[in-house]
Structures are given as C-alpha cells and as structure tokens.
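I'd like to ask some things about the structure below.
Labels run A, B, C, D and E following the written order; every chain starts at residue 1.
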C-alpha cells in the first residue's frame, strides 16, 4: 500500500513536470509548477522529511510561484 | 590561536558585504576598500604561515568527518589575489556614477569576494557548493551592473549556464555522499569506491560543471558576451578570479587522474579555439574575453601535464588579465566609446602598461605568463606528448598576432587630440598590477618551489 | 532490469532531471527555461532526500513517540539549503528577465535572435 | 463514532468525485469554478472532519478542526476572487441558445 | 528541428544517467554507507527531544546555513542593483471587499503561526527559514491584493538595511559568542544551557526576520 502511494506520486510528478514542459500558456505553466512542487512535498512528507516538505511548500510552491506570476504579469502586457 | 584566522578570513568580506547597504554612495567605496584591505592582510599572514604546513580548522569544534572543516593550503593562498584584485577594481571605479560604486554594487562585489574566499577554504563538498553559489549569484548580478544594451541578455545566459552547472555539481555532491556517507574532502577520498558507474557519473558531473564554470572550449559560449558587456572593473574580477574558481574546483575533485585524456583534449581545444576566435574580434574587450578562454585551456592542459605550472598560471593570469581589462576600461572611459583607434598616443602610460600586460599573456620571458607556459610545455615534452607543446606554441603565436594587431591600431593611427591620459585613480591600479606581474615573472622559480605539487 | 526496478525512485528523479534539462534547452520562452531549471533542481533534491531514506524509518525528530530507525537527517539539511539556493537563483533570473523585457520588449528566443 | 466518520468520509469522496466530473464536463468557466469550489469546501471539509472524528479528541483532532475552518474561509474566497477576475476580463457566462 | 535535437540530447544524457543511478546501493536499506557513517553518529548523540534536521543545520553544519542566508542576501542585493531607475509602479488594484476582508482577517493569525514555526524549529518540523517564507508570503499576499504600497508599509524604512542582513548578522554574532565560550567559531556551548538556547533562538529569529524582509523586498523590487 505504501509503495503504491509512492508510485502514484512519482507518476504524478513525471506527469506534472511534462505538463509544465509542454504548456504553451505561461501562467498555466506557473500554476502547474506549483502543483508539481506540492506533489513533491507530499512525497517528502510521506518519506519522513517533514522539514523539507514544509520548506518546499512555503518556498518552492509559495514564494517561487508568486515571483513567477508577478514577472509573467509584468511581461505580458 | 592561528587557526581562528580561517573563519575570520571568510567572515570579513561577507560581513562587509552585508553591512555595505548601510553606507551612503560616497562612503561605500571607502568601506569596500577597507574591508578588502583587512581581508588581504589576513590572507597574506596565513600565506606566510603556509611554510609550516596546511592549516586546518574544525568549525564548531566538531572533529573532522562530523563537522565542517576549513583548510588553508596552497590553492587557498589565491585568496590574496582575490582580495587584491577586488580592491583594485573598486579603487579603479571609485568616483564614477555607475552601479558598481552604489552601496548595493559594493555589497555584491564584497559578497563575491567572500564567496570566493569561502570556496578556496572549504574542505567539505557541500560547503564548497554553497560558497560557489554565493560567488555565482553575485557574479550574475555583477554582469548586469552594466548599463549597456544587451547586458541583461548576457547576464541571463551566464545565469542559465552557471545555474545548470551548479545543479550538476550538486548532483555529483549527492552521489558522492550516497557512495561514501561523508562530505569531508579528505574522508571522501579515503572512502571512495574503486569504480562503478555511479562514481563515474559523479566524476563526470563535477568535471562538466566545473569546466562550464571555467568556460573551457565547447562550454565557453556564455563567456565572451558576459565578460565583454560587464563594466571593465567587473570584467577584471570575472576574468581574473571567478572563472578560476571552476579550475580550482576541478583540482578539488577526487580522482581527477582518471580524466587525464579528457582534460588534455579539452585543454588543447580551448587553447587553440580561444586564440583563433580572439583573432577575428574587432572589439578590445571581446578579444580579451577570448584570450581568457585560451588561457583557461592552458590551465586545464596543465592540470593533466604539470599541476605546478597550472597552479602558477592561475595566479599569473589573474593578475595579468585584471590589468588588461582595467586598461581597456581606462581606454573606453576616455574615448567615451568602443572605437579606440589612435588613442594610444594620447594615453602613453596606459598603452605602455597594456603592452606589458599583452606580453605577459603571450608569455614572453621576463613577464608573469612565461613561467606557467614553460612548465606546462616541459610537462608535455616530459610526458611524451610533444603535440601539445606544439599546440601551446601555436596558440601563443596566434595570441601574439591578435595583440600586435590591436596595439598597432592603438598606437599607429593619427592621435586624437581631445583625449587625455587616464585619471590617477585608474592609472594606479593598472600600474600596480603590471608591476606585480613583472615581479611574479621574476620570482617564477621560487613560486614553483612554493607551490610544489 | 531488476536494478532498474529496485531503484525506481532514483530512476524517476533522473527522468524528472531530464525533463527539466529538455525544457531548459528546447523551450523558446525564457521564463519556461527558468522553470526547467527549477525542475532540474527539484529533481536533484528528490534524489538526495531519497538517498537518505531508510526502510520503515521515522522522521528524524527525537522525543516521546519517536522510534528508531530514523531517516538520515543530513540529506534533509542539505536539501533545505539547496531549496534556498534555488529560490535565490530564480529570483535573480526573473529580475534579469524583467530587464531583458524592458530593453527588447520580448522574452521569446526566436524574436531575440541575433542578440542571443 | 466510526460509522459517522466513514459516512462523512464517503460523503467527501462523493463530492470530490462529483466536483471532478463537473470540472471536466461543465461548459464554461463559471460553472466549472462552481464545481471546483464544491470539492474544496464540502469534499475536503467533510473528509477532514471524518479524520478528526476518527482520531478522537486530542491535539491532532484540534489541528484538523483548525484546518476545516481555514478551508471554509479560503476556498470560497479563492473561488470568489477567480470568478471576479474572470468577470473583469470579460468572460461571458454560458447560456442556452435561444430557439 | 531544434526541438528534436534537444530531445535527442536529453535522451542521450538520460540513458547513462539512469544506468548509473540504478547501479547505486539500494535506497532504504540500513546498511549502506549513508546510514552507517556520519549520520549514525548524529543519531546516537541526539538529545532527548530535538529536531535533528535543525540540529544538523545550526550546529554540525552551521557554516552551510550561514552560507545559505548569505546566498539569499546576495540574491537580494543583486536584484536591487539591477532595479531600473525611476520606473513607474503598476496602478494599485481595486480589491474585492470580500477578499480584502479575508486577507485582513487572516494576516495576524498567519503572522502568529509564522513566529510559532520559527521558535519551535529546534524541536518540531519548521525553523527560521520556513517561518521566513510564511511571513514573506504574508507580505506578498497583501501586496497582490492591496497593491505594492500596502506591502511596503509592512517594512520599517529606516531599519531596513540592518533588518535585511539580520540572518548573516545573527550568525556572525553567534559565531563570535561561540568562539568565546567554546573556543571554536560557531560552536554552541553545551555547558551553558541558557546561553545555548538563547543562541539557537537568536539565530532562528535572525534567519526568520531577515529572510522575511528579503522575500518581501525581492517581490517589491520586481513589482515596482
């Protein structure tokens, strides 16, 4: 059961990463990137790395996505 | 008591950089100079103590494999050059209104110097990576300090490639850690497995990452734009110091001997490729940038053939190339543009300094560049690979041609009456560096003894 | 085939790394390149965290209720530092992109041709 | 106790399912946002509640209740902000064609 | 064409990489070097109730964490140097009353939570940096909803140059204090429990506040 959960998460990770790579829409790609980060965060929480998961959620999915969105908004006028 | 100076040496420039934004525009340069002078003093003192052996310091008092170790060895002595050249670059640009002398600009310069010092002293692979990032991120910012159009793109390209290199290096650090369970350099060397795919991947990652940071030939594409568009004082730091960190990183890689053949050919390719590209440049700073690629090639070649020669050339090229870039900056400052024909007669002192620097890069005997080239050539002959000695001489000839062509354009065109000699604040750093390069050339033998790999 | 399956996690992180690398090289939009860089970085972090895993281990926090074996805490500490480095690089990259956009009015590599 | 928890969990799962189907099948932005909002509030809310009940009284249960409150605040606000932004952009709601 | 080439390159890189990765010691098994060497020592020496990750971060590998806070500081000054002179900020958005109310409502709770995360970092998951990201995110959220001016109001103008360096400065102070009490820079005195605790909390607070200011300023530098 545990392994299955990990496998699903890994598959999801590869899928979201591919989606980021293929997406033509920048804002969409930024949101997909946040989804990718959050999936990673779930994986790490499940792997017994709560500190890393918390940091990835706050910094990787939070601050980084914020910065991406601000820059996308400013450059697509 | 002595070892305490190791953390102090790292802390001085970094603390200086963190506090620099507190100062005003007028006082920031003075602060920067003071901080770097203190760094230089400590570094010189530690270098003097090297005769008694390598100095080691366990951070936090944790014994070696458990905590982070700092080590001051022959390569770390390069910290003196880091402090000196950064200080002269700040002096060179003091009083100008550019971004370099703004409090934030000084902060970036000091953090870059601090990152380099930390990189040189780290005896732990992850600490090495962290300080590599400090200096790289500051370097990206430094390129973008130029107001020139295109500097943004140049800095961004530099960032993409530099960040990719950092990621690969981090991956290799992770692999080494997985294989050995340790991060300390000495401990990793002891516990390294004999072979196996993961080890080769880690070695390959280190090599690719550090060669990219050092701008060796096929991976040099970011360098010319970045070094040519950056403000001249910054170019001096980038070309003289920052790219050297890649080579020093290679020297810190475990099992470098297994890459002998690869280093030979990459070195030869950069040596020749850089020189050939330099030949077709019309812009002085681009010429200097490509000549850096060529000299990095010499150093990489030296890593395989004659380590002492390579290490000496790291120092000598830093001094010489910084002098050349600063001289180029003085020309451009007075000319007001990149069109420099005939400016040589109006600025005789700077031109003379530039000529001596050019001789040093080419490797004409009494100057600094000669020692390293000579030792590496000897190494090639000694190793029974004369073809590399031939490549070395050929590239020196091509470089001589480049610089001669440029000096002729500089000196033998009608003089431009509206232009005066460079101001003192620019002239003094250039002359200091040129004098230092002559001294280094004269004491080449002693230097080789001191390095003594 | 069996080592591939045994170390499936490592293989998956390698695939993520290569997806990031592909985006970094192939995408014509500079913001997407930065995203590719981020994917590469997180893939390396995932590799390092995975390497510190231990079968049936607990999070490395001692206290009432915690049981051995613990996950190795060092990779976690390394990755924490790595995440900060990644966000710093991204911030500088995005600030540079704002400047590029201000100067050239586009972030597409094909429209920036000649200057790229 | 556990019956209530299972029932609530199933309810949450059902709402998630319905919301996902809605997200895929509904015709325009506003109705899809409407479906997604259901997932967030009712779906996640009742699953969290089920977990809190299953864990029984204690610190963990309290934390879960806090999460329920947070989700009840954040979910509708986010949906509102989305719909408002869409309206500002001039996205027209879908209506059945006349005739 | 270029896309194909890049895909071919990525595949070409991936095959040897995957082969090498698969040849690594099996992850998860307790007898591989990663668990038997340094990490085992850390776990055996672990105190009664502590977050070992924070302990590694602040104590065993404090130098790395010092480097880490210097890295974000370097990113901030690099971005500030890049900032264009005299650019007009975007007009402030007109926030929806509902969103505005909710953001105002949750702001103090989030700030409280952030400080909780910072201060309990050495016993539970969390720590200075995570708290910094939460605090910074709070400022970013306010900036996005109410406009950059509102976000700027969170930052004290006069103390800014000192606050943004709070992380490195706290580390320097702890390093010197440790040097005096233990004889080694960045050492934590085990024989003085009160000072030990105070140093840990001081460093965490420095990282937290300094990091939050840096994240907010990064956002402001890009927004305006």
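FYI, a residue touches a chain if its C-beta (ideal position, glycine included) is under 8 Å from a C-beta of that chain, and two chains touch if they have at least 3 such contacts.
This one's a predicted model, so the numbers in the text were calculated from it and none came from an experiment.
Asker: Based on which chains touch which, give the shortest step count from chain C to chain E.
Answerer: The least step count works out to 1.
Asker: If you walk touching chains, what's the least steps from chain A to chain B?
Answerer: Steps on the shortest route: 2.
Asker: On the document's contact criterion, could you list the chains that touch chain A and likewise touch chain C?
Answerer: The common neighbours are E.
Asker: Using the stated contact rule, I'd like to know whether B-E or D-E comes out ahead in C-beta pair count.
Answerer: B-E
Asker: Using mean CA coordinates as chain centres, what's the gap between chain B and chain C in Å?
Answerer: Once rounded, the distance between the two centres reads 28 Å.
Asker: Taking each chain's centre as the mean of its CA atoms, how far is chain A from chain D in angstrom?
Answerer: Those two chain centres are 21 Å apart.
Asker: Rounded to the nearest whole Å, what is the centre-to-centre distance of chain B and chain D, using the mean of the C-alpha atoms as each centre?
Answerer: Distance between chain centres: 57 Å.
Asker: For chain C, write out the residues touching at least two other chains, lowest number first.
Answerer: 9, 15, 17, 19, 21-22, 34, 47, 50-53, 59-61, 70, 74-76, 78, 80-81, 84-85, 87-89, 91-92, 94, 96-99, 102
Asker: Can you list every residue of chain B that touches 2 or more other chains, as numbers and ranges?
Answerer: Correct list: 126, 130, 133, 137, 140-141, 144, 177-178, 183.
Asker: Would you please write down the residue numbers of chain A that are in contact with two or more other chains?
Answerer: 50-52, 55, 59, 63, 67, 70-71, 74
Asker: Pull out all the chain pairs that touch, please.
Answerer: Touch list across chains, by label: A-C, A-E, B-C, B-E, C-E, D-E.
Asker: Please name which positions on chain E make contact with chain A in the complex.
Answerer: By the definition above, chain E touches chain A via 51, 53-54, 90, 117, 125-127, 129-130, 133-134, 136-137, 140, 144, 215, 218-219, 222-223.
Asker: Taking the complex as given, what residues does chain A use to touch chain C?
Answerer: Those in contact with chain C are residues 6-7, 10, 13-14, 17-18, 20-21, 26, 29-30, 33, 36-37, 40, 43-44, 47-52, 55-56, 59-60, 63-64, 67-68, 70-72, 74-75.
Asker: Which of the residues in chain C end up touching chain E in this complex?
Answerer: 3-4, 6-7, 9-11, 13-15, 17-19, 21-22, 25-26, 47, 50-55, 59-64, 68-70, 72-78, 80-81, 84-85, 87-89, 91-92, 94-96, 98-99, 102
Asker: Considering only the defined contacts, which chain E positions touch chain B in the complex?
Answerer: Going by the criterion above, the answer is residues 16-17, 19-21, 23-25, 32-39, 41-42, 59-64, 67-68, 70-71, 73-75, 77-82, 161-162, 164-165, 168-169, 172, 175, 178-179, 182-188.
Asker: In their complex, what parts of chain C are in touch with chain A?
Answerer: Residue positions touching the partner: 8-9, 12, 15-16, 19-20, 22-23, 27, 29, 31-32, 34-36, 38-39, 42, 45-46, 49-50, 52-53, 57-61, 70-71, 76, 79-80, 83-84, 86-87, 90-91, 94, 97-98, 101, 107.
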